[in-house]
Amino acid sequence: MGIEYIYPEFEVVRNSDRCIKCGVCQRQCANEVHKLDEDLNVMLSDEAKCVNCQRCVALCPTRALKIVKSDCRLRENANWSDSTIKEVYKQASSGGVLLSSMGNPNPLPVYWDKILINASQVTNPPIDPLREPMETAVFLGKKPEKIERDENGNIKCDLAPQINLPVPIMFSAMSYGSISYNAHESLARAARELGICYNTGEGGLHKDFYEYGPNTIVQVASGRFGVHENYLNAGAAIEIKMGQGAKPGIGGHLPGAKIVGDVSKTRMIPEGSDAISPAPHHDIYSIEDLRQLVFSLKEATNYKKPIIVKVAAVHNIAAIASGIARSGADIIAIDGFRGGTGAAPTRIRDNVGIPIELALASVDQRLRDEGIRNNVSLVVGGSIRCASDVVKAIALGADACYIATSALLALGCHLCRTCQTGKCNWGIATQRPELVKRLNPDIGYQRLVNLVTAWQHEIKELMGAMGINSIEALKGNRLMLRGVNMTEKELEIFNISHAGE
Amino acid sequence: MSKYVIIGNSTAAAGCIEGIRSVDNSGEITVVSGENHFVYSRPLISYYLEEKTDLQRMKYRPDDFYEKNKCNVLYGVKAEKIDKEKSEVYLDNGEKLSYEKLMIATGSSPFVPPFKGLDTVENKFSFMTIDDALAIEKTVDENSKVLIVGAGLIGLKCAEGLLEKVGKISVCDLADRVLSSIFDDECAKIMQNHLEEKGIEFLLGDSAEEFNGNTAKMMSGKDVEFDVLILAVGVRSNIAIAKEIGIDTNRAILVDNAMKTSLENIYSAGDCTEYVDFSSNSKKVMAILPNAYLQGNTAGKNMAGESAVFDNAIPMNSIGFFGLHAMSAGSYFDEKDGGKCYIEKGERHIKKLFVKDGVLSGFIIIGDVSKAGIYTNLIRNKTELSEIDFETIKKSPTLFAFSKENRGKMLGGVV
Amino acid sequence: MKLEGEVRIPSGCAISAVISKEGNLMTGESIIKSMIPMHDRSNGLGGGFAGYGIYPEYKDYYAFHIFYNDNISRNKCESFLKDSFEIVKAENIPIKKIPEITDVPLIWRYFVAPLASTLSRLQLDEKTYVARTVTKINNEINGAYVFSSGKNMGVFKAVGFPEDVGRFYRLDEYKGYSWTAHGRYPTNTPGWWGGAHPFALLDYSIVHNGEISSYDANRRFIEMFGYKCNLQTDTEVITYIIDYLVRRQGLTLEETANVIAAPFWSTIEKKKGFDKGKYTYLRTVFSSLLVTGPFSIVLGYEGGLMALNDRLKLRSMVVGEKDDKVYIASEEAAIRAMEPGATNIYAPAGGEAVIVNVKEGKF
Amino acid sequence: MKRVFVNEKWCLGCHLCEYNCAFANSGLDNMAKALKDKKIYPRIRIEGDENINYAVSCRHCTDPMCVKSCITGALSINDGVITINQEKCVGCLTCILVCPYGCISQNENSVAQKCELCLKNSSGEPACVKGCPNNAIVYEER
C-alpha cells in the first residue's frame, strides 16, 4: 500500500444482469481473480491479479464478462508514459530486473505493413489457384554450385541433406519446459499432418515425441539441455541456437520450479535445478568455432542432417550471415526483434535487435552480392503474423518462415504476456498439470493445421494474383513489392521501389 | 406355433410378454386377467389417491401394448385349475386353455387376520388394487377419520395418499416401528417423526383386537374411533393353483434363476414366487415391482426358448413420503452376523452401509438419495471394496471411488 | 520518362521462326512475310530478327553488331575492341532508308577474334571472354550497345514494326538456315533500338512473347554469376539463364527447359527412377531459375532452335512443318504466310520444349 | 448409436456442461433468463476433485435397469435412447436406486430426469458436447 501501491491495469466488468454465478470464471482463473462471495451471493473480482488473458471472458457462458483497460491514469505526460513510471515504481520496490514475455509490444515500425504486394492486370494474367496448379513447396538446404556428371553423362543427383516443406512455414523453437507437453504434442502432430517441421527449442525432446522425428528440428543451444546422440539423429535437421530475437545477447533462465518430472528428464538436469543457458556458447567465441560445431554435429549425424544456425537480427546481421553461410551451415535462421519469448528482461526485449524485415533484406542482398545465396537457405521469424507477411518475406528473399507467436495464438494464447509466471490459463506456458490439461492437443493440433492450411490458401491466392504459380518464382522477387511511407534509405535497404514508381 | 398362457396381468405378466416377444414374434399368447383392467402399476394407487397420477397415466404400458405384442387378453376371468397332464388351464367361465408354456403370475393378496367383529365395520378396505383405491376414494371425505392397520409400505403409502383428503389418519401396527420390514429402529424413527410432523398419528406396538362398528378396540385397551378402516397388515402369495398340482412351494412358489418351477413347462414370476436373494444367498419372497418385471422378463425369454437367468435379485425399495425419500437395498448384517455398519446420521437424514465379507451387502438411506444406484450396483456386483476408494464412496456415491481404469470402462464404452 | 533499362516495361509480342533441318539456306524474305499477319501484335515500338548461317565467309569470327549514339562512343568502343580483339572487318550494316524507320543510330558490324595472348593471360575460355567483353561494353561504354555477338549469325533490330525493320535491314539479301523474328508491343516506352528483340549473347538469341512474373527472382539469382540485366527485359534475363545453364553449367537444352519450365511437383512425383531424381534435382538446385508467368520463347543457337512455353501455356505458340522446314509462330497465320502448305500444325503443351536441330555437318 | 462420452484426461471440471445442459433443457432462449438466480438441475454432472474431473450422464445402457425397474412405465428405450415420460413419472426414484452410474436425478418438480441426448430440445446436438471448451465430452459411435 501507500508508496508501493500501483493501481491495477485492468478492470473486470461483470454484467450482473447476465451473470448466473456459475463459477466458471472462478474455476478457470489460475490468478484467482474471481471469487463467489457466499454471504453477498455475488461474484467479486480482485483486479490486481488480472493479467487480461481473457480465459474467463472466453468461457463465460452468458457473456457477462469483459476486461477493460483501467482508466485510472497518472497525469498525462508525453515523456513519462504510465508504463514507464510504473516500471520505475516496480524497480524501486523490488530492486530487480523487469521481466516480460512474448514479443516487443512497443510502437516501433512494422515494415511488413509498409510493404505492398503486386497483382497482374492486363499485360499478364493473374492465375486462379482453384483452377491451376499453385505450388508452394520448398527445399531448404545447401545447393551445389556446379552440376556434375558421371561417366555416362548422367547428372549426379546427390543433394546435400534438405528439408522438404510443402509450404514455406515452420513452427519455430519453443522448448518443452517453457511450453507444455500438450503444446508440444499439438505442434508435433500438426507438423506431421502438414508435412512441415516444428522445433524442439533448447529443452530436449520428450521421449513420446521421437515418433515425430521426420517433422522435428532438434535444437542445440548454449545450455546443451537434453542433447545426446539419439536426440541429434532424431530430427529432420539440427538447429544451433546462437541467439533469439526477443533477447539477443543474453541466455535463458528457466526457473527450477518448472524443472519437474518429465521436463527434468528431458533436459537431463536434476529436478528443481534452474536451467540456465549461458549467453554465449562457451565453445563458440568466434566464427571459426561455429564452423567446428557445425561439423561436429554433421559428423555426429553422418552428414545426414542439414544444420541450421539461428541468430538474432542485430546490427551487423549481413556480415554475420555471410560468415555463417561460409561456416558449413545449410540453413540460416534469423529471428527479428519482435520474436516471442517465455521470459526476457524487459529492457533487452524492448531495445535490443532490429526488425526482421530489414535484416532479411540486407542479408539476402549481401549473400547475393557475394554469390553464395544458393549455398544456404534463409529462414526468417520474429513476428510473422499472417500469410501476407510470409509472401513479403519470401519476396524479399527468404526461403521459408518460422512462426511461433501465431502458432501459440492458434493454440489459445491471448498474448497477455505473462508467460514468466507459469500460470498460463490456456495451458500453454505452464507446467501445472491442472492448467496443462486445458490444452487438448486434439483441438490444438487441428487449429494449427487449420491455421497453416488457411495461410497456404492465402499464399496461393496472393501468388496467383501476382501471376506466379510456384513459390520459387516468388523468392527474392522484390519487383513484386512496393513501399509506402518509407524513407529513401529504407527503400534502398529493401531494394524496392516506392508505390507509384 | 408355440402357445403361451399367462395367468395374471400385472408387472410380471408384462415382463413375460416382452420377454417372449423379444425372442418369438409369432407364438400365441393368452393372458388371463382376473382384474378387469389394462395392465397398470399397482404401487401407483396411492399416487392416484394423492392425485399425482390418473387412471390413464397409471397404465404400465402404452395403450397398444397387447395389440403390438399380439396378446389375447381375457379380462375378468380367473384360472381355477391346471391340468398338468393335458397342459390345460381351466377358467372360471367354463372354458379351458391349452398351453405349451405356462406362466403363473398370480401375485399376492391382502392378508386379513380374523379380527373379531370385523363384519360390523361398514367401511373397510384393503389397499392392493385400483378397485380398492377407487372404492376408498368414493367413501372418504374431508372429515373422515381413517384408521390404517399396518405401518408397512402399503399402509403408509395409503396414509400419504389420503392425508389431504381426510380429516384424520391413525396408523397402528403390532410392530414397534414403522416400515419394520425395511428399516431398523433408528431409521424408522426418522421416518416416523417426519410422518408425524405431517399429521399422521401412530399407534405402534399396538393393534386392533376387536371391532365394533366405528370403534376399534386396541390391544392396549384404548378405543380408536374411525369412519374408514384400511387393512394393510400384509400380503400372502397366491399359490393355491400351483400347490394343487404339486409344484414345489414354501411361502410362495419356488423358482430357480431361470424362473422355472419344479414342473416342466411351468414358470412363475412376481409376488407369488420365492427365490434367491443375492445379497444374503437365501430364498425369499421379494415382492417388489422391479424384480417382478425382471423375473417375468427372464421367464418369458426362457419360455420362448432362450436361456436367460436372473441371478442377482436383491430386495430393494425406493419410497418417499411427503418429499422425504428413503432407499434401501440388500441385506443388513450387524456385528453379530459378521457384518459391519457405517453410519452417517443427522436429525432428518441417515445413511447406513452394511459391509460383510469385504463387499457391500446392503444400505439404507433416508434423505439425500442421489446416485444411490451406485451403492446398489456394488451390492449386485459384489464389488470388492478393497478395489475401490471406500472412504470416498462412503461419503457419497460416486464413480470417483473407482480406479481410473474401471471408471474408463464404465464411462468410455457401450454398457 | 524513364528509358529502357531504367525501368522495367512489360510488353506483349509476336514471334516467329523457321529452320531447315537440312541446313538449306533461306533469304530473310519469308520470315519478314510471317510478321505481316501478326501486325496487330506489335505497336511499332520494336521489331527484330536473328539469322543463323548468314556470315559463312566469316564463320570463325564473332560478328559484333553495335548501336552507337554517336561517333564519340564509336571511337571509344572501337579503341577498346582493338585492344582485345583482332578485327578482321569493320563496316556499317547496310540499310535501306524508309520513312517508317526514323531516329536511326550508327549501326556497325565487326568480325572479330579474341587475341590469343589476352586469353592466355586471363586464363579464360574464348566464349567467357567474349561474353564478358560484351557485358563490359554495354555496361561501361556510354552510347555503345552490342546487340549481337555470335559467330555466323546476326541480330537485326530497330524501333518500328517488324516487317519494316526487315526491309530496313535488307534481310532479303541475307541467307540463313534458320531465322527468328519478333514484333514488340511495349506498354510504356519511347522505344529504344537496343530494347527491341531478339536479345542475344554469343550465338544465343531469344525472341519472346510474354511477361514473366518471376522476373526479379530470376534476375537477382542470375546476377550472382556476373550477368547484369541492364535492359530489365524478360528476354535479356532468359538469355542469361540459358547461357548460364547451357554454357556454364553444361546442361542440355532439354535439361535447361526442365529448369526454366520445370514440371510440376505432382508430375515429378509420378516419374520413376532416375528421371524422378533428375527432375527433382534440377528443380531444387535451380529453383530460382524457374520462370513463371506467360511466355513463349524461341531460342536460336548455332545449328538449331528451341521453342518453349510457360508451364501453364499462358501464351499462344504453334508449330508446323513442311518438307525439311519447321515453323514456329505465335499464330498459325504467320506459319501459313511462310508456307501455306504447312502440315502437322500443333500447339506444344506448356513446358514442352520443341527442339529442332540442323543435321550434323549441314551448318 | 451415438452416445455421449467423457474423456477425463481433458475434463477441466469447469462445470460448463452442467449449465449448458440446464439451459438447453429449460426451453428458454437466453441462458441468463433461464438460469439466473436459480438452482440448476443438470442431467450431466461433474464428479472428481481438484485434479481429476469428469462428467457423467446417462450411458444409454443396452440392457437398462432403470427401464426395467420403472414402476410407472415412464422410462422406455426408443431406438437405443432411454427416454422418460415425465408426465407419467410420480417421482418414486426407483430408477435412481438402480442406475449403476448415478445418472438419473430429480428435477425441480421432483420427478426423475435424465440425459436424453438433447433429442427433445432444440440444441441440435447434446449441449454438453457442443459447449465443452476442451472436447472432453464427445458425441460419437463407439
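As written, the chains take the letters A, B, C and D, and residue 1 is the first residue of each chain.
Note that contacts are C-beta pairs under 8 Å (C-beta built on N, C-alpha and C of every residue); 3 or more make two chains touch, one makes a residue touch a chain.
Remember, predicted model here, so these are calculated numbers, not experimental data.
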Chain whose Cα mean lies nearest the overall Cα mean: A
Where chain B and chain C are represented by their mean Cα positions, the distance between them in whole Å: 105
Interchain centroid distance [CA atoms averaged], chain B/chain D, Å: 28
Centroid distance [mean C-alpha coordinates] between chain D and chain C, Å: 79
Chain A-chain C separation of Cα centroids, rounded to whole Å: 47
Junction residues of chain D, two or more chains touched: none
Touch-based graph of the chains, sorted into line, ring, star, complete or other: line
Pairs of chains found to touch, sorted by chain label: A-C, A-D, B-D
Chain B contact footprint on chain D (complex, rising order): 3, 5-8, 47-49, 52, 54, 56, 59, 61-62, 65, 68-69, 71-73, 87-88, 90-102, 104-106, 110, 142
For the chain A and chain D complex, residues of the former touching the latter: 17-20, 22-24, 27-28, 58-59, 61-62, 64, 433-434, 437-438, 440, 442-443
Of all residues in chain C, those that touch chain A in their complex: 8, 10-12, 187, 210-218, 220-221, 223-225, 249-251, 255, 262, 264-266, 274, 277-278, 280-285, 287-288, 290-294, 311-312, 314
Touching residues (chain side chain D, partner chain A) in the complex: 9-10, 12-16, 19-20, 23, 31-32, 35-37, 50-51, 131, 133-136
Footprint of chain C on chain A - complex, ascending: 120, 123-125, 127, 132-133, 135, 137-139, 143-144, 146-147, 149, 154-155, 157, 159, 162, 368, 371, 373-374, 397, 466-470, 472-480
